[in-house]
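Below are two complexes that have chain A in common, paired first with chain B and then with chain C.
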Partner chain A sequence: MRRRPGILRLAPGLTLVLLIGPVVAGLLGTLLPALSSRAAALGELLSWPGLGPALWLSVKTGVMSTVLALAITLLLIASLQGSRAFAALQHLLSPLLSVPHAAAALGLAFLIAPSGWVARALSPWATGWEVPPDLLVLNDPGGWALTLGLVAKEVPFLLLMALAALPQTDAARRRLQAQTLGAAPSMAFAVAVLPALYRQLRLPVYAVLAYGMTAVDMALILGPSRPPTLSAQVVVWMNDPTLATRGIAAAGAVLQLFAVLAVLALWRGGEVLARRLLLTFATHGLRGRKAEPALRGLALASGAGVAFVLLAGLSGLALWSVAGLWSFPDALPESWSLRIWAQAGDGLAQSTWTTLVIALSATAMALALTLACLEAEFRHALRPGDGALVLLYLPLLVPQVAFLPGLQQLALRLGVEGTPLAVAASHVVFVLPYVFLSLAAPWRAWDGRIALSAHALGATPDRVFWTLRLPMMLRAVLTAGAVGLAVSIGQYLPTLLIGGGRVETLTTEAVALSSGGNRRLIGAYALIQMILPALGFALALLLPALLFRNRRGMGVGA
Partner chain B sequence: MFRRHFLLATACIAALPHLGAAQTAPEWEAVLSEARGQTVFWHAWGGDPKINDFIAWVSGVAQDRYGVTIEQVKLASTADAVARVLGERDAGVTSGGAVDLIWINGENFAAMKAEGLLHGPFAESLPNWGLVDVAGKPAVVTDFTLPTEGFESPWAMAQLVFEYDSARLPEPPRSLATLKDWIIANPGRFTYPQPPDYMGTTFLKQVAYGTLADPSVMQAPVDEATYAETVAPIWAFLDEITPHLWREGRAYPQNEPALGQLLADGEVDIGFAFNPGRASAEIAAGNLPESVRTFTLEGGTIGNASFVAIPFNAAHRAGALVVANLILDPEVQARAQDPSVLGFQTVLNLAALSPQDRARFDALDLGIATLAPDQMGPALLEPHASWMTRISQDWVERYGVAQ
Partner chain C sequence: MREGLCLRDLHVMRAGQPLVSLSAEIAPGEVLCLMGPSGAGKSTALAAILGALPRDFIGSGQVLLDGRDVSALPPHLRRIGLLFQDDILFPHLSVAQNLAFALPPERRGRALRSAAVEAALEEAGLSGFGPRDPATLSGGQRARVALMRALLAEPRAILLDEPFSRLDAERRAQMRRFVLDTITARAIPALLVTHDREDALATGGRVLTPMGVPVSP
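On to the complex of A and B.
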């Protein structure tokens, strides 16, 4: 039972190697061929006429969506936190964290297309449209539909991250103090809480920015196509049948990586400017009383807008999965049918099973590593530096198209590629950061005096861990596990590349199906994709309540 | 021991010239016994549930008859499988590869054949090869003007047909010139998938056939000296219609299913497909209204064949050969032609079949929107692949990046 003390101490290092190793190995595998033998590819890339617009589009949609998502998140917390509307929004938005990007994008596409649900609901009685109008709403050259999709998908993530970080900022007291000095609630938040909060939120924001610039599945569904964003074009080149464009694809991936780094540097500059601005507000004694009602209205409208876009889009897909003929401008299907569910039943059951096995193994591995790290930190009084945190985020910051092809080559050479185990291992790279981030704060907040009392009564550190800390932390551990499940279930590129196409999960199937545009089938897959993580979150709520039903101090409300 | 046996068997198959149709040569017996118990990973585009169901059905037959299991690897793009075999070769995986069988044609086939990534020749040694209509359907041995030379085996014929909703459009335009007039008179009601998508380039080929002074030049590789002048009428045609396309040509659907969805949503009035039975099958499935009909253009539309090929390093080569042969079986071919299943045109020569097998085809109800074989019009040959590579590159420069 008793572990040698040295082993646990190695856990943080081991975890970082497991995270960084694949990213570095994959990057080298992708970049070396691009830089050395295929120098000509760079010339080809530069002579592609769409390069300028594609790069600009990547930067614009990435930056705009991050700015908007961050602004909406902060606005919600600043002006609504503590209100009933905020609690309602929080309950609506948290389960949507687990919605895969592709499903959210397809739902949004059906919602806003000229032949989509909104137009159907208003036609022909309000609009007079007997046939869909010829309006460029989806795939618009400006990338606004893509930006909207990214914003809707990232607000739940940032909100969750912000709410997790808020308790560590002593927000309530800071805010109270600013308000007693006469600042309106939102201004009090901006000058007193935001600086401390943003320090915690910085890396999640960077991850959102990097993701927004490099998203492939969303860009293919919602983004423009003449030209598409750079990352979508890189994937098109990778898939070119003549095999002649693989060099240019690698060069494009390198350019994408540098673009992300450059934009991150610019963003850092923007942070400095924003800080100056906040300081000016504070030193000039701006209290923002007049703006408060407008800000509240804006927060309510944008929060409700995000929730509507996601929920209505996904309901639309769910409805399609049981729809018979559903032509424009009918607001509801003309007939109903369970045919798709009957037809897809076997395939669905099988890929659900594979998805679950992979997600559970990856999450278990990530949880074990996270717990080992946190416990080592506690027992040996280790203090992770900022550098370690950046490394933790590395897999989320490096564009997937830049390192996964190299990682696939590595897996091929090792002969492990194409096995569910290898896929689960690759998922750990992406699951671990999320699990760690969701578990670290509650774990560190545990009252250390409990351990002290137990030690005084003669309990070993192991016994304290297994019989006291872990049970008391069960809900936090399960919640982190549910987040991990959701992340693993949503992975597309790692599953496709490391799985060699032979490991079929709900997400790989759903994206393959989305190329066929069959809304009914996509709806069925998206529904299961949402239900699985939702079950995880439900379990995280119910299990502790059930296990500790006769422990008043550990109730769900506590 | 097994391994040597297996190599011997496939070597024999490859070396043999034409075998008679109704034979079970000892070499084939050896392939059959080698294949028993194998699982064939068939990489096939997975975007259409009807095709996926059909492959699952073939898997059942293969299991019953030969003890071979088929596992469909559903691809978003066939190029994924090509890239995967190439990646394996680059990584030194020369046997035991992940891909056993690929649904392939056109550029993907040309690329794999040129890179030496295919096993073969094997197709003309398959026992069912004698039933294939080589004389009547030359596309079964010529893939985009590239002779297949037995490196891929055909399994379905396709021909471009246009689809329209007769409730909204009583009389469709039946030539390229009248189509142009119709597009200009009805702005926003027609589009085509964005090249280099396969269906998009197919539309460009159709435009080339209708506008080029002498379309037969496209059967030879591009001649750089005269290229620009030759294709000028294509750009003239597109320049005229583009401002009147769906979304004024500022956005295009991604692929054939996306175009089909636009027709189903009523965003366009005319769509097109490579499967003449698609409209009927979609009506039967409740995805299109019953008033949808199909038509072809005067002078004919592009036609080609779908094939299966076996990578050089396939782990289950014997099983793959058995599957390639099985999908040429009259029972399987008749099922593929059934519009309620797939509606694909058969590659077989119906006259060569036994009366019993021919009855399977005669019994098919082609469906409400499907043209009878004698209404289809001529199937035009695919141009040489170099034409489409050049034309879609130029298309991207002219229309594919924002002005």
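On to the complex of A and C.
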């Protein structure tokens, strides 16, 4: 405590600089050229005929997917929590959180494409199709496939965030209180729990909204192409080898940033309206008894739908990677083959290695910073305010496409663009918030009397950290590490831009392959892409259970 | 220079409210009792003596150990031992590892250290319990391990924070006897915090409230 007063005390500040610095520097690097020397670029952007549709598509898919994902999440908790169906859904959906966005999108694409599983299941007996129909189900101009993909990917995230926040809202007692006053379960939830829960859920919802409006990898796989969403178009411009479209790309990125800010402001207004509506419900004594069965049915159907879309899609990926001959409309392959694994083995191994090196470095860095912050907070009795939480969320709220181009310019000037290390450093910006959010609650819940007992035995703060707290927190630390790995493995845009297209990870490869037609190859890449994070979580469960198998007090019993 | 634990004008305030006001000398082997209802500042007094007051508490005064002022030292350098009401055994370590944790690093040599641990176990009537998982011990056994662990750190004074309140009536009297006898035999000054009259009577010494008012148990 007294021996090295300075070092740990600096950790929170250093972490914020590493987190916010790249975002601010990147924004400036994007904004300044777009606003000053290249004012012409703005005119160029405004005269692009696709601008209106592309912008509208971004707003529509982002808002629709967020509204739907939030509605399904709240519906599940409101009408099903405590039931066996809810427990089953929770078990199905929790592991799916770690599936990278690109893999989930590719799985959905395999499912709903004209030659996908859904069409196969219905053909030819119901549809009469002997060959895949010429329908634009996937990449539809309305962006519905993209919306569906976003909803399926965000429901597990919002559900877990909500379940983590619920205990802090005194939910069970409040709800019971409202029910004893005559409200049906869902209404009791909406009136008595939702306002407090939403306050905790607000930042995750904003992150989902910002992501939904600006996701590039999912938009490239599931979204329309003429025009694509604004963010996807910006990336197309940025990747133009002639560099002639750099200016318009920067202008588009700036427009995307302001679009997200405007929609977030509108959403905030919507929150106020929704709150008024809820208050009206409450004061008018609405009980919601008639609606309850319908809400339950809707919750079951939508929850099962999300689980089906994700699981069937991912199974499809796995199946294609080992399929031999598989002609339409057969539901299963006629023969099996490991040919694609043998053919693509070298490339796969190379991408897997690059992915792992980047993910492990970024996660190790994020874990070290998080632990240093939390330990500084403990030793110096610091109390981070709400502002710190907003800053932590900042990299998730600012559209990637708005600050990564500027950051890429910076990396170019520093001469580190295109190196795996620079890519890993950029991943830290996105990995750190998730690692911190995952570790902070269990770390802070540790019984401080253990530290006091040990100090009274003469143990220094460092000894308490290394021999008591860290081993006791092993499971939480490894879980946070697994979360970090999953986030890093799934990153598309930072890898593409900071890597200058030369750092090839499983995600960039899978997205690049998605426009081609080799389903077996796509399946193989996407399969590895989703297995790696799953392995991380398995390790986080197994390792503490193995190490502490003879320690009942550690709560790791098999 | 007086031997023992000396509290000189020890005051703790919180939000303008005085919680603790103590001046006392505790001789080696003596047990001073702090009594009062819960929330009366008993645990705050212990935290102040250990040097672990939470941030919104304001403490003043001095803590002297064998004549040396330890008020400016962090908890791990004060050499004041502590027993909580829940025996805080480290759950990821075995019983023997818990005990070895407390042995000062100056006690070198694996054989010497494990002999000290074994001797402590024997004194507590727990020979052969070394490799056990602490979670598999009974409440009374855990309490005895916690006491031996506190003593292995060779404290110059020991604070007891309701250490018997989680035990049933029969074990309670037994354990109280064991703890008090052990502390007296080693001539360690002790401060016992309790809300139980029986505990206070058993010490046979002075009884104060956290505000320093003498009470007759």
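The rule we apply is simple: the second predicted complex is superposed on the first by the 541 of 558 C-alpha atoms of A that agree within 3 Å, B and C clash if a C-alpha of one lies under 4 Å from a C-alpha of the other, contacts with A are read in each partner's own complex, and residues count from 1 in each chain.
The rule we apply is simple: contacts are C-beta pairs under 8 Å (C-beta built on N, C-alpha and C of every residue); 3 or more make two chains touch, one makes a residue touch a chain.
In this text the structure is predicted, and so the values were computed from the model without any measurement.
Asks: Who does A:Ser225 touch here: chain B (first), chain C (second), both, or neither?
Replies: In the superposed model, A:Ser225 contacts chain B only, not chain C.
Asks: Pick one for A:Arg449: touches chain B only (first), chain C only (second), both, or neither.
Replies: After superposing on A, A:Arg449 lies in contact with chain C but is clear of chain B.
Asks: With both complexes superposed on chain A, which partner does A:Thr280 reach: first (chain B), second (chain C), both or neither?
Replies: Neither chain B nor chain C is touched by A:Thr280.
Asks: So in the superposed three-chain picture, is A:Ser83 touching just chain B, just chain C, both, or none of them (first/second/both/neither)?
Replies: neither
Asks: Write out the stretch or stretches of chain C touching chain A in their complex.
Replies: 50, 52, 54-55, 74-77, 79-82, 84, 86, 88-92, 101-102, 104, 133-136, 149-150, 152-153, 155, 159
Asks: Chain B touches which residues of chain A in the complex?
Replies: Within the complex, chain A touches chain B at residues 49-50, 53-54, 113-115, 131-132, 134-136, 138-141, 220, 224-227, 238-243, 246, 324-325, 327-328, 335, 337, 339-340, 343-344, 346-347, 408-409, 412-413, 417-418, 496, 500-502, 504, 508-509, 511-513, 515-521.
Asks: Under the touch definition given earlier, write down the residues of chain B that touch chain A in their complex.
Replies: Residues 41, 43, 45-49, 52-53, 56, 71, 73-84, 86-88, 90-93, 98, 106-108, 110-111, 115, 168, 187-189, 194, 196, 246-248, 250-252, 254-255, 257-258, 260-262, 264-267, 285-287, 289, 389, 396-397, 399-402 of chain B touch chain A in their complex.
Asks: Write out the stretch or stretches of chain A touching chain C in their complex.
Replies: Interface residues on the chain A side: 1-2, 381, 447, 449-450, 452-461, 467-468, 471-472, 548, 550-554.
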